[in-house]
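Got some structures for you, see below.
Look for chain A in each of the two complexes below; its partner is chain B in the first and chain C in the second.
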Partner chain A sequence: MTSNNFKKILVPVDGSKCSNKALLRSCELVEVFNSKLILLYVAEKSTPVNLLDRKEYMELIRKFGNKTLERATHVVEKKNISCKTILKEGNVVSEIKKVVKSENCDLIIVGNKGLGAVGRFLLGSVSNKLAQHAPCSVLIVK
Partner chain B sequence: MKIKTKKILVPLDGSKNSLRGLDMAIHLARQSHGTITALTVKSVPGIYAIHPLGFLDFNTMKEIKKNLDDAKVRAAKKGIKLTSKAISGDPGYDIAKFANDRKNGIDMVVIGARGRSSAKEIFLGSVSNYVLHKSKKPVLVVK
Partner chain C sequence: MTSNNFKKILVPVDGSKCSNKALLRSCELVEVFNSKLILLYVAEKSTPVNLLDRKEYMELIRKFGNKTLERATHVVEKKNISCKTILKEGNVVSEIKKVVKSENCDLIIVGNKGLGAVGRFLLGSVSNKLAQHAPCSVLIVK
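For the complex of A and B:
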């Protein structure tokens, strides 16, 4: 085992409380391991109610994504850590997996649940899918 | 060193994946100057867990002891203190219970993605999945 095997850490954010927790935890790890931090927001492309609304809807989501990323960068920069931000569109889990592959990430840090209210007591669906299908290690912050 | 993971729980079952989890835990513990608690759960089907004769299975006990000793040597080589523990019961349930117990003060659980039961599966092992859902502490799944 090499001395540093967490070279790149991916943190998918969605603006929820748990993702903030994950962000703070990843800051700790980055400080200790001197790794690169990548923040990712995935805009979910769900089925549109109305074809005409779609454009507007995506714009709203994109705006929210940019805001979330900005806020997250702000938190990170307070701790003197530089990071790279990526905004993607599509299915959340598959986009995260694609980014992991293209950036060669070693670790994903996610909160145990996101914005979905249904799985309040359980693991979130995205975290669950990530834990099962991700090609690299996953840290689930509770 | 600001990292707060002082006590790391590593469930071991003697499989390669769990050893990888151990390596990762050692790596983390070195950075945070923490200690590792290795836990092996002897799988005992339901009712035998209460029965005293359930513990009298010497062969598996020997194997578990050997696994834990190996783990201890592995950690000691890197200068990490490792406390080992063996209990019997249902693996998933007891690992989660152990992790949630405030007396043990576990800060993080490091677990291999698959154990020995489903070596060929592409998916997450059942025990890892159970611990992932039920543990109240952060869980690191090592692939």
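For the complex of A and C:
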């Protein structure tokens, strides 16, 4: 019943302090359970942007996403843990759910709130939605 | 930052299948992190009861609570894990939060939904509320 646990852990990162805390916590679980680790950045598409051209904005967000994934990978590799990184575009919760299914993850680890680079990423509400609707277990790190 | 993790794990139990799954999962974490384990049953006070006298009803719930805690202890002890059990009366979420504080817990492990003995215990909504308002990390087991 509980033998196949935490084989694959998904950590959605957004570069916030809270998401970094979740990342560090996930490293501990990866170590003890010898899990595979996937880091995911979702470039939220549905953001109202007045200042920038939409295309230009998405370019900026993608760049930030790649940088965030790079930094997170660096944190993880310093602990001798290897990981796979994924960059997606779309709705954060939907994309997380899709990756859980396609990658067959057993656990999502998220911070309880997050501050995005441009204030667009409310991990708080993301973690709530995941708590209700995720197809696998969810650890909300405080 | 992440050194003092999961020293004390709280598992609210309600005797449901889902809560038993959470209990088994918690045993694994207790084992790898050498955590202390607390099992909690909250006898919900605010239940509309038409069939039974209130006092009689609470007596019944307390008995069920003690039995549930006994059974959960048995599950845990079979894995050579010792635990502390607590029976509280009141609102489930508030009592869980109080115990987290008084016992200094780092992690709550709950199932994503629960069926109470008399249909009164909706762990589903409890896990959502905890995800939002718990003073420590929360693992929602699916």
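Everything that follows uses one rule, which is that the second predicted complex is superposed on the first by the 125 of 142 C-alpha atoms of A that agree within 3 Å, B and C clash if a C-alpha of one lies under 4 Å from a C-alpha of the other, contacts with A are read in each partner's own complex, and residues count from 1 in each chain.
The rule is short, and it goes like this: contacts are C-beta pairs under 8 Å (C-beta built on N, C-alpha and C of every residue); 3 or more make two chains touch, one makes a residue touch a chain.
All values derive from a computational prediction rather than experimental measurement.
Using the contact criterion defined above for the overlaid structures, shared-chain residue A:Leu139 touches chain B and also reaches chain C. Within the superposed three-chain model, A:Asn5 lies in touch with chain B and with chain C [touch as defined at top]. Of the two partner chains, chain C is the only one touched by A:Leu24; chain B is not.
Once chain A of one complex is fitted onto chain A of the other, the partner contacts of A:Val75 are absent, as it touches neither chain B nor chain C.
When the shared chain is aligned, no partner comes close enough to touch A:Ile86: not chain B, not chain C.
Chain A residues in contact with chain B (one complex) as well as with chain C (other complex) are 1, 5, 25, 28, 32-33, 128, 131-132, 134-142.
The residues of chain B lying in touch with chain A in their complex are 1-4, 23-24, 27, 31-32, 123-124, 128-129, 132-133, 135-143.
Chain contact summary for the complex, chain C toward chain A: residues 1-2, 5, 21, 24-25, 27-28, 32-33, 112, 127-128, 131-132, 134-142.
The touching residues of chain A, when paired with chain B in their complex, are 1, 5, 25, 28-29, 31-33, 122-123, 128, 131-142.
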